[in-house]
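The following blocks contain the structures, represented as structure tokens.
The following pair of complexes shares a single chain, subunit A, combined with subunit B in the former and subunit C in the latter.
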Partner chain A sequence: MTGARHAAGITALVVGLLVYPFLDRALGFQTVHAVSDGMIYVLLALGLNIVVGYAGLLDLGYAAFFAIGAYAMGLLNSPVLGSPLYGHPWSFWLCIWIAAAVSALLGVAIGAPTLRVRGDYLAIITLGFGEIIPVAIRNLGDITIDIGGWRLVDRLNLTGGENGVNPVGRPYLPGVPFETDPTPWYFLILVVGLGSLWAMTRLRDSRLGRAWMAIREDETAADCTGVNPVSTKLLAFALGASFSGFAGSIYAAKLQAITPGAFEFQVSIMLLCMVVLGGAGSLRGVILGGMLITVFDRVVLSQSTFLVRALGRATGLPLLATIDLTLWRWFFFGLGLVLVMLLRPQGLAGRRERVLVVRDEDDTLAAEPVAPPARTEAIPAWLRERSAEAAAGTPLLEVRGLARRFEGIVAVNEVDLLVPRAAIIGLIGPNGAGKTTFFNVVTGLIRPDGGSITFEGASLVGLRPNAIVARGVARTFQSIRLFPHMTVLENVLVGEHCRLAATVPGAVLRPPSVRAEEVRARERARALLAFVGLADKDGDDARNLPYGDQRRLEIARALATEPKLLLLDEPTAGMNPNETERLTELIGLLRRELALSVLLIEHDMEVVMRISDRITVLDYGTRIAEGTPAEIQRHPRVIEAYLGTGYEPAAR
Partner chain B sequence: MLELADVHAYYGNIRALRGLSLTVERGEIVTLIGANGAGKTTTLRTILGTVRARRGSVTFDGRRLDGLATDRIVRLGIAQSPEGRRIFPRMTVLENLELGAFARVDRDGIAADLERVFGLFPRLRERVAQKGGTLSGGEQQMLAIGRALMARPGLLLLDEPSMGLSPILVETIFRIVQDINRQGTTILLVEQNARMALQVAHRGYVLQTGRIVLQDAAAALLRSDLVRKTYLGEK
Partner chain C sequence: MNWWEVLVQQTINGITRGSVFALIAMGYTMVYGIIELINFAHGDVFMLGLFVSLTWFTLLGVTKTMTGLQLITLLPLVFVLTMLTTAALNVAIDRVAYRPLRRSPRLAPLITAIGVSFMLENLALLWKGPAPIAYPDVFPSVEILGGWFGLDSAIFLTTKDVLVIAATVPLMIGLHYFVTHTRWGKAMRATAQDRETAQAMGINVERTILVTFLVGGALAGAAGLIQGMYYNIGMWWMGYQAGLRAFTAAVLGGIGSMGGAALGGLVIGFLSAWSDQYISARWTNAIVFSILILVLVFRPHGLLGERAADKT
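Moving on to the complex of A and B:
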């Protein structure tokens, strides 16, 4: 029984953690101190994992937040800087929260200017920030501001400068010897660490965690699925920083002294090493990586120095006899990192590939299994309920005189287009005619140079893509853009993001309302997957699905945002006739049963002519024709530019 | 010219090809049809060496390809127009096309082939200085095919060349396939548009879950019940 073994493993771990410091004392190892320090670094690495592992934002200056947490504690709880809080028994317990809050605020402040950059650029900015903080701390130890002979600030010691802050107030609990014994520190850090881990696990499994991962996987697709990239990234920065605020403040109080040297660039790199070594995005991996590196740094290097020196004396090699391996720590870290990247790039505990095996028995010559036909009964009840609200009347989408140019090329030129409620409108035209650009402008990915876009009476111009999704416009992409390393179910759940409400406290504490919301979200997602014929694949990674399934998953994800208007960009491209047939039925069903409007870019003329109510034809960005399918098929300019003489209208 | 014998290939633990064997004779157009996920693209990747066969052999003009690096294989005269328009997005249209001829040294021939590509796709000439990534999806598809032609390969692998192209261009593409075949290029064609593919091909293979289940002359496959029901969508 894996369940029983799992429970036994947890029990053994808990007992081990509880017994360890007493066992250590009994045996005289005296490692509790070092292990506690290691746990602080593990907590830091876990905070960094939110930024790097979940949200995919490479942060090379994370130690700055560690410094901010430590100095927040130092400034508030040290006699050196004359804090009024110092000496009160409750002050440590207060300061630890203030430190976390200050770090979170600075996380937002640092995050804000980096929001528009990714990858290399973001890494460089965080690198700069990581350098700025220790320098600022060093130079804010003696501030004099002199304005025209009037001393505004006279030799203010804000940070302790190069000398640092010493002492820092200890925590106080009646009867607990924080002054003399490392054991209480061990338990304090253990409690804070486990609490943080618990909170992180819950965040990861909430709508917020899914939003982080969606941003990491594909920011544009996430934006177009209703995830606000700005607030999502800021939240990752803020939460990542707040955990390091805890770690920093405990570090300051435990060490009793802080100096700027403890927060240099190397610390950021070491933390990054822990995350990468263990496996970015895996909590277990980060803990493992953090422990391995700490033990290596604190124990293995110093112990092996003794060994190598003894060996050197025995063999008479002076080089070995005087070596100090601890001076080589960065060499070993670097080497270890290179080896991990070469041998196991996903990290020690990184997610393993799911095993999928092609069934062997179906050797008989048979028709391919095809997707189940779209059935009216399979439409999720909740989608149906929602559609009842849609009222008839004005057109759903009204586009007037839309224009967009790229470096002198007119991609969209004064285009008008109307989408009534419960209508399917085809948008066709030669390759490069501006159809996808039109979609991108309507969904907010590109700003128009002119014209108006009105959806349900309100303008969409200037709104961000996620805000447009929230209004009820969903889309799919020509070259499918799923979240490849998330499961099929998670992909659909990200679609529901903008309809869910859980905030950080809600996600962590899970009150009944959040619990119910999450259960309902999963039910809805499963119902949608069943509707598009992916019911049995909800646990697969999206990237492992065959092409046709990926197309259907993308449509399910779009439907999960509860749209009133669905924009489909070549949904049947790359599908075989059977799959195309199924998808065509599905689109028709959405309109017929749910009163959903569809704007459709498609090159398969059988599909377009069969299900469109009206068709707009673009060529070189300009509308060259508009009308019913029958009119379009006979339109000479459309035949010349698009259909070709080989196309024969189906006799229907 | 090309022979795959009992090829097995995997993606991680996922078995994609299960003992696939096929041959392409010089001067032929051979098409590979099958559902999504049947292993068509994997077959092309195995020929080019971007996916390694774990068992079996790939032979081209009597030389074993399995084990050779992809750039060596391309130099032997095989070029591919990959599915999903894998063009170089930050290079211009012209640079993309010139890179297709990277392994060639015959300047005059390259210039002539460039003209030929522009003749086939006038739209690419209009966009010659534009970055590949700013082209529309269909234009990128033209560029991918044009780039493969620039290698002037003995064997051309085409992966879904008609995908995302307007009806008028789909016709053009299949006419081009026949034209370049008549000019001496052997073609292995993977297509979802099975009807068009079988109309231009000499022979065809039907692939299901990683192995060949049917092979015949293209005209015969067009008449086969299985093909008509499953891949042509006839009732």
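Moving on to the complex of A and C:
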């Protein structure tokens, strides 16, 4: 779509939205009321999309937040419980913000204990909260605590109980008939909805949105790229909930009466239906899904009932003649969920999954990808500036007596290792020697059972992976772990996450400082991609890259975190000789030009021996040798570990 | 009633409730153990078991309390027929809604499971109507303590309570034998531990999953039949609630562990019965769900389950 046509489309949409209620009145359709209700559910679905679509956390109890929003408004802005806020012209406009804040707080309260829980368990926990909230609202309307005949509490009403809350104060604007006319409600919801949409778009395109998606794609990799999973998920819960706070409070004020029955499990599932049908993670999709389901629910089912009945009468089938399809609505929602997941899991508006290129051995050989040479002048200038701070002197990383056991098996046993500044240290050993475990302990994925890890004079033990990244230690993984459904550029931008500062207000309002930061971040990411030779692929999905490119992208992402120490886990595995050669050059360049230290696990002995300053050899978790490449090659225990006893050292 | 009689009575209630939960929990735990899916529709298979068993009774002409001969001929027959029906249903659900998603992200089949659950519930709603249905009193109810032993006790223990135990315990023992002593059981345990390796060892993984759904569905059907005969009432929405309680039981016991599911079922049975008595029936759901949340957060491997090594 060209820019002009795009602008024309938007204009038409805006005009349509503005004119619709007046057109409706002129034609006497009287649909504004129903459309406004539908828009409330769309707004709810958009809030749920933050949790489910962006952060990838399946929330089966989202109606609980809707309930909290509605009850926050209902209880604060109603005479039922004697709220002092009721009856003022500003009551509604104040309460709507309180409701959003209360919902957000509840989002954090529900989110906090569940963060360590796996995805499907988290879904069940949210479902549990979704069940508890209506039960609590019902029962807290009439509390009597009677202990041994002593009435501690007698018929206390906190929530209105089964009867709900009625009436709820309406919004007040001078001269606007909120009492009698649905049109002002339509515009109120439209304004709130468009405002929310605007905020969501900006959040999605900010460092926060990228962090959500990174968590969704691969939580461990995100953690090791500097994204704090705990605060990121909590933020998703809180923001997702706050939008339902707005929706809930408008719902309460519009309906004038709320009862606990309006927030049952079915509502959560209907909202989930909207998100999944349209395409989780796509704003346009969620709006489409929400509209389709609302129309289906309110129009299609009732209208087709007439049709089917007429058909039944015409054909003389009594079963059809008496059918009421509106009773089938939940059946159809269930069917919809099943069909969408089976036939189009990305949703109606989701990006079509491109068929993955099969990356097997033959493919690599046939195509023989040629990596671009690593050039000194291609090193991004900003990386150079950063490295100037690094002063020589004390060792960068100092590991002493590191130990880690797995149920009796000693994976890492009293290992010492020293990484000086601007050095390349090789870590080799047979399979199962504990090299990757060593990496995992240093980067905080696994806690050590003993020993110390000191980086620039401060201990890393007990820090979460993302905090270690922030200190300046970045890593890659043996089995590449990119964020597959994000673009190449986005992958690198996630790497910059911990060096960026935009907060929620910053991301939404985009003051000049945030705008400049984002522009700079993108420039840096592009420079890094150019450096590793992926400049022309920044818009591709990471999963569609060939193998060697994925390896280089992972290194670019690690470099984006501005590390002082880079931990590479078998970076040349699966690469052809040309790619290996280029990557080796690149590693050497990083050390030479940027004074970056590299700790390298590598099975390709030629690479290790050529670029390492010193090498540490592990076998069965124990350090059996340490020295220069030449020393290691002659070391009898190393030869024994690699070749077994009884062999003479072979000439290399 | 003395306070201790109340306690004993509620404990008996807890055992009977718990037995039904345990049977349903078996299906959750087996399916989760093997394909790591929370089979959300499982509770509804239980609910349909109740409805289907009623149909079988009606087809066999049993509409009132069974006599001695019928008890040893027709009752086992209805057990078998009901279990076969729900087993087939459960397998069909897997084939249609879960199997195509075996290689999808974990949340995809969970979403279809919720969809299937909604479909089953609403089919039952349309089949039987929104009002609770009366399940005929097909099993003779005789009070044991007063009627047989002439004891003067307020505790109400009937032949129906005995039926629940007499039906549940053999099913549990049979299941335990099946899992530990048969080829299929061995295949199930191997597949649960490592699907790829099991496949490499020549185990037909898909068929093993099919057997798992078959057995789980059969147990849910038995639970539905027992529930119907014991409480003489059935609701279209009962599967959702019973399913969540049974899932809580499975998680509490340690998901993947058969013994855990049995233990968890009993614990949830006791807790819900006691909560009904001592707190208030209207809070019971909130209490059960709180337990579920606490267990999932603080002890996700449950009472008996092994700590599942998270694949990083």
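Rule of thumb we're sticking to: the second predicted complex is superposed on the first by the 599 of 652 C-alpha atoms of A that agree within 3 Å, B and C clash if a C-alpha of one lies under 4 Å from a C-alpha of the other, contacts with A are read in each partner's own complex, and residues count from 1 in each chain.
Keep this in mind: a contact is a pair of C-beta atoms (placed from the backbone, for glycine too) under 8 Å apart; a residue touches a chain by one contact, two chains touch by 3 or more.
What you are looking at is a predicted structure, and each value in this text was computed from that prediction instead of being measured.
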After the superposition on A, what does A:642 contact: first (subunit B), second (subunit C), both or neither? first
A:124 contacts which: subunit B (first), subunit C (second), both, neither? second
In the overlay, answer first, second, both or neither for which of subunit B and subunit C A:546 touches. first
Is A:79 contacted by the first partner subunit B, the second partner subunit C, both or neither? neither
Using the superposition on chain A described above, determine whether A:334 touches subunit B (first), subunit C (second), both, or neither. second
Using the superposition on chain A described above, determine whether A:580 touches subunit B (first), subunit C (second), both, or neither. first
Output check: A:87 vs subunit B and subunit C. Expected answer is one of first, second, both, neither. What do you get? neither
Show me the subunit A residues, by the header's touch rule, that subunit B contacts in one structure and subunit C contacts in the other. none
Show which residues of subunit A lie in contact with subunit B when the two form their complex. 353, 355-360, 362-363, 365, 367-368, 370, 406, 428-437, 478-479, 544, 546-549, 570, 573-581, 603, 605, 641-644, 646-647
Could you list, by residue number, the parts of subunit A that touch subunit C in their complex? 56, 58, 60, 113-114, 116-121, 123-125, 127-129, 131-132, 135-136, 138-139, 220, 265, 269, 272, 276, 327-328, 330-331, 333-338, 341-342, 345, 445
Residue ranges of subunit B in contact with subunit A within the complex: 12-16, 18, 34-38, 83-85, 123, 127, 134-139, 141-142, 160, 163-171, 192, 194, 208-211, 213-214, 226, 229-233
Would you tell me which residues of subunit C are touching subunit A in their complex? 36-38, 96-97, 100-101, 104, 106-112, 114-123, 125-126, 240, 244, 247, 251, 280, 282-283, 285-286, 289-290, 292-293, 296-297, 300, 310, 312
